[in-house]
Amino acid sequence: MFKRVLVANRGLIQANCVRAIKELGATAIAVYEGDDRDSAGVRNADEAYEIKINDPRIRPYLDLEQIVQLAEDLKVDAVHPGYGFLAQNGKFARELERRGIKLIAPRVEGKFNLSNKHEVKEAAMRAGLPVLKGSEVFSDRERLEPAAKSLNFPLVMKAAHGYGGIGMKVIPDMRRLESAFEHVQATCRKFFMNSPEVFLEQYLSDPRHIEFPVLRDEAGRTTVFPELECPLQRRFQKLVLETPSPFIDRILRTKLQSEIRVLCERLGVFGFASVEFLISDGTAYFLEINGYIQPSHTATTLLTGVDLLKEQIRLLSGEPLNMRRNEFSCDRHVINTYIYAEDPENDFAPSPGQVDRLYLPFGEEVVLQTSISSGAKISPFYDPMIAKLLVRGRDRDEAILKMGIALEEFFVEGLKTNIPLMRGVMKSDAFRDGTLSPEHMKNPEKRNQFIESLKSAKDSEIAALVASLALHSDGETLKRMEVLETDDNAQSVLGAATRWLKPRKPRRPR
Amino acid sequence: MKYSVYCQKKHAVSIDRKMDTGKPFEITVDKSCHDVAIRKVKDDGTIMTLLIDHKVVPIEVERRGDGMPVRVFLKGVPFDVEISKIASTRFKPQVPERDISGEVHANLPGQMVEITVRVGEKVEAGTPLGILDAMKMENEILSPKAGIVKSIEVNQNQILAKGDLILVIE
Amino acid sequence: MFKRVLVANRGLIQANCVRAIKELGATAIAVYEGDDRDSAGVRNADEAYEIKINDPRIRPYLDLEQIVQLAEDLKVDAVHPGYGFLAQNGKFARELERRGIKLIAPRVEGKFNLSNKHEVKEAAMRAGLPVLKGSEVFSDRERLEPAAKSLNFPLVMKAAHGYGGIGMKVIPDMRRLESAFEHVQATCRKFFMNSPEVFLEQYLSDPRHIEFPVLRDEAGRTTVFPELECPLQRRFQKLVLETPSPFIDRILRTKLQSEIRVLCERLGVFGFASVEFLISDGTAYFLEINGYIQPSHTATTLLTGVDLLKEQIRLLSGEPLNMRRNEFSCDRHVINTYIYAEDPENDFAPSPGQVDRLYLPFGEEVVLQTSISSGAKISPFYDPMIAKLLVRGRDRDEAILKMGIALEEFFVEGLKTNIPLMRGVMKSDAFRDGTLSPEHMKNPEKRNQFIESLKSAKDSEIAALVASLALHSDGETLKRMEVLETDDNAQSVLGAATRWLKPRKPRRPR
Amino acid sequence: MKYSVYCQKKHAVSIDRKMDTGKPFEITVDKSCHDVAIRKVKDDGTIMTLLIDHKVVPIEVERRGDGMPVRVFLKGVPFDVEISKIASTRFKPQVPERDISGEVHANLPGQMVEITVRVGEKVEAGTPLGILDAMKMENEILSPKAGIVKSIEVNQNQILAKGDLILVIE
């Protein structure tokens, strides 16, 4: 095993990496910028180092040079990039390698680099997997129109080295083509992607999105885990995830698993990888391979009892895959919701702020991983994911019911979150039937229906009661309403309200 | 004291003037009588938790400038409310805006990296109007209602403050 | 299923019962005394009712009449007693039954009552299970000496209807016999046991303690789950638990499981039961059957994916056992530590108070169930258990390591807890080797060794540093030490200390 | 400023008089130099969290009446400390009680339901002396050291306050 491992990330994945590294007997080293100093990963690390804003345009966690230098100074033998940030950055990998430090990301033999979506897609095509029709890769504006003309709209433009939903743009028609190109290229630069190249691909409006986690050691021993399905996203980021997919039968699962083995062998994948497919009209189209650990690793662990994060680190240190093929079961059903500090009513606008009150769900087969606690401040600079909530049920129906109840128990005051939205989703026929589509999240009215479904007639009475009581108990506001001097009744109310409560300024929750 | 409150439909709320808020009390809404107890208040007196009909309900109340409640959250679930009449007061309710406004404002500070519509273009509720880049996110700006783009008030790549007017749908 | 179920308990089991009842689609009704009004179970219940202290000698949760009356008024169709309190109270069961309300506790046909340890022991004996040599049951003082004389010291005296370690007393020699008798009988009265009867039994000083959870439906379908071992207790209450037992081989497991089936059939057990054995010199002595759900139910759920609590309620409502025999696996290892608000350095004296700061462990395969949150007050009136911390590992070694790291992350300020003690236990050879004995907890020196093992030479330097810095930063105290007026050095320190910190009174943590 | 501190063994701690506690600083213990930063303090100035050699350490310090630290908790793990000398002060340390006291006090309020030893009886460290019934628990009182029971100061079933003397071992 490695001796000293630096974790170049923040939030949940930082805390989880620190834990995994410690469990493997190595020294876990965290980095943090000022606002993150109280986070669990920093607290639990064996050593923690502050990283600074050296260039106001670069967030410290993206500051490749600073992190590489720190890794060298601290004599670490490996760096875990988590997900996002530097996880797919080729320069980062090379700079570390030059200093004899391993990046815990899949290494591939030969010329393939998993971070290049288009190269991987071509390899999959040669291995005989169905792929979506698309263009070659290009970065010149002149090639934009010809590439688009050979395909049918709607299209999706993808940065060759994009990740985590970043650098993707749906193009409904020719008019949007140029602005999309500019936008995606700007994103490539902003997120320091390995190149500004893009390609176009046919856009499926309503596919099933599934992915298979894979572990593969240097000797080629491979385990392909049961698939995860992501039935609901917003901005290409997951809202709900379940495993195994309720809509994949055993025959398709087995077929895809064996295709994945072939592909990973061809690519010489080593470490952890996640192989994604879009399923439409019965065909599973190979989409991409993500070479970094995914937030969804927790769902696979809950289903199978295998800690993907720990195995990933172990494998990359050169240890062999140590898994009996039938060791993990998938006769349970796991549902995972991602909780974000954002406002679904307001187009998912991030909602940074302070957590004033926090009630956590708990109980058998309910797993919560969260980076927040009462009083915590949510930074406006990073991904607003604040929690992963998972349940395991004996079947899907039980899991849906459990998730609904766990979400009902989960209460965060001070921030807007998607908890009520997720409660509505769990109650919906569309989720039960598997007919959710991206439209459900994009259209404010459809989105709102999820929340409306939570409101009973009694709730509306209660809300009216609460509004009246809030006013009633607030002498100052009532006074401004000019209570009739002559009315004894109103006067005594005012008196009572002022007596039991200190006068207060009206305030709005954030 | 009697309140007329619109929340999904019109409700008549009656709170006894002599209620002692240190103890459980009763509030009548329409024809149902509810048992209410105040469970938790902030230092400034804001009610945080109620026990209503023996069910614990964490609440938040959003008020407008004059202190009138406009929104109630029951365990995070939002309800628009409007108190239209209070017996024994000279309170004159503002005329409520029932229409969805066609003014589209920046809901957080950021850069307007893309505007995807033109003046005169017809849009549906939910049509993407542009992208506001803020935090790690590309925040898609969607049309609040169906209509015609009347004016566009910002330029591409302009930096916006929260609340800046982006465009108007009519 | 039931329609309305009242939960007659508090703390973790209350919250867990409320969750389970809601997941089963019934209305969950909680009761609480004033101090517990903010607890998770009350918050999450569909309805919650305050119970009052009607008699200052009776805690409300033990106030049988008040709870029965409430159950009747609220028209519930079942009451879940949780564990402890009224779970084994015969009068409670009868009073409910008289009103047509079911108590969710195992019902047995014929004359047997699971709450009577001695009757169950005799039934086991007749079924051919080895039992420990002991006396008949008695409640007259005259029968005390003859009973003791027919056995060899040390003995243990047991209240026939004791539960949860209450009403048990080890008697090392004849001199302690009378006081033990008085003590146990007083306990019987205090906890409203079904009778004041006691019996004597041979005391094994160093046995293994294992138990098998059992579910059995009305039709006699039975599932016997893998055993749990409790290697460490204090005052007959669990500190650590693991499942499956690392020291039971498959042959013994299978043998005991089939003996349990026979016994449960003979007794006509219906619902959930936990069958306990002491293992000494290779013999498994039947000890007792607990008829109420155990705090350990969470460990079995984590190992097998079967929610015992939910199944218990389902079965008692008359639904059939619905479990494929091979549905649950036991190829993982689960360790569970019980965290108490108590001071191990001070003979485990309860440490009520307020939680000033709370850092929770988290990560893959780490499960925490806790009733506390930052700012919570721990009542001095009830069981001081504040959390159950569980980990699941691929094998026992991994689980031990995980538990050690999870405990290291778990930090509670404001109360004394057994967290450091448990950290020491996880590091100890005795726990690894399975040679822990009750002596390890009883003897203050041995107990202290667990905590001492956590302290490195560097830690002692750091502690000296912290003590000096605390003093250094405290102008007031230093002033009282009469810093020499003539010394510039000391003066400027004082100045600095007073400048950056407000003068403060010395304070002691609770 | 130099402190002599006994904690498991004797340590010499040196804190720079000019340290600025708003920034990281260095403290020398014996021959090692440690990087220290104050991370979190309570409103009254009590230090809650330190960063020592880049490791986050939540601390608590227990002081005796005159404010001198006697016990330090590093993430809950207790260390007995004794500051025996402070350079440049007239501080005269109290003579420390190295012996374990034979006085056994009630560590919480409760009823003394059982006394299991008699005056003159020989006991070992850890021998049960009696049972104090408090909360749901029977709290076994164990002998703090080996010796002879010199006196028993309470009667069976007596109600005790916290700190009451139960018996003396000599």
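Worth pointing out:
Every chain is named by a letter (A, B, C and D) in the order it is written, and numbering of its residues begins at 1.
Assume contacts are C-beta pairs under 8 Å (C-beta built on N, C-alpha and C of every residue); 3 or more make two chains touch, one makes a residue touch a chain.
Just so it is clear, the model here is predicted, and its values are computed rather than measured.
Of the two chain pairs examined here, B-C and A-B, it is A-B that is joined by more C-beta pairs in contact. Distance from chain C peaks, on a Cα-centroid basis, for B.
Rounded to a whole number, the gap between the C-alpha centres of chain A and chain C is 37 angstrom. Centre-to-centre separation between chain B and chain D, using Cα means, comes to 55 Å.
Centroid to centroid, with C-alpha atoms defining each point, chain B and chain C lie 47 Å apart. For the pair chain A and chain B, the distance between mean C-alpha positions equals 28 Å. Within chain C, contacts with two or more other chains are made by residues 43, 359, 408. Listing the residues of chain D that touch chain A in their complex gives 39-40, 51, 53-56, 58.
Put simply, chain D touches chain C in their complex at residues 1, 3, 5-9, 11, 13, 15, 17-19, 21-22, 27, 29-30, 32, 34, 36, 41, 44-48, 50, 52, 57-63, 65-69, 72-79, 81, 83, 86-91, 107-108, 113-114, 116, 125-126, 131, 134-142, 144.
Considering their complex, residues 37-38, 42-43, 45-49 of chain C touch chain B. Interface of chain C with chain A (complex): residues 15-16, 19-20, 22-23, 25, 40, 43-44, 297-298, 301, 305-307, 309-310, 327, 329, 331-332, 358-360, 362-367, 369-370, 373-375, 392, 394, 398, 401-402, 405, 408-409. Those residues of chain C whose C-beta lies close enough to touch chain D in the complex are 166, 176, 179, 182-183, 186-187, 235, 343, 345-350, 352, 357, 359, 380-384, 408, 411-413, 417, 419-420, 423, 442-445, 451, 454-455, 457, 459-474, 476-478, 480-484, 487, 489-490, 492-493, 496, 500-502, 504-509.
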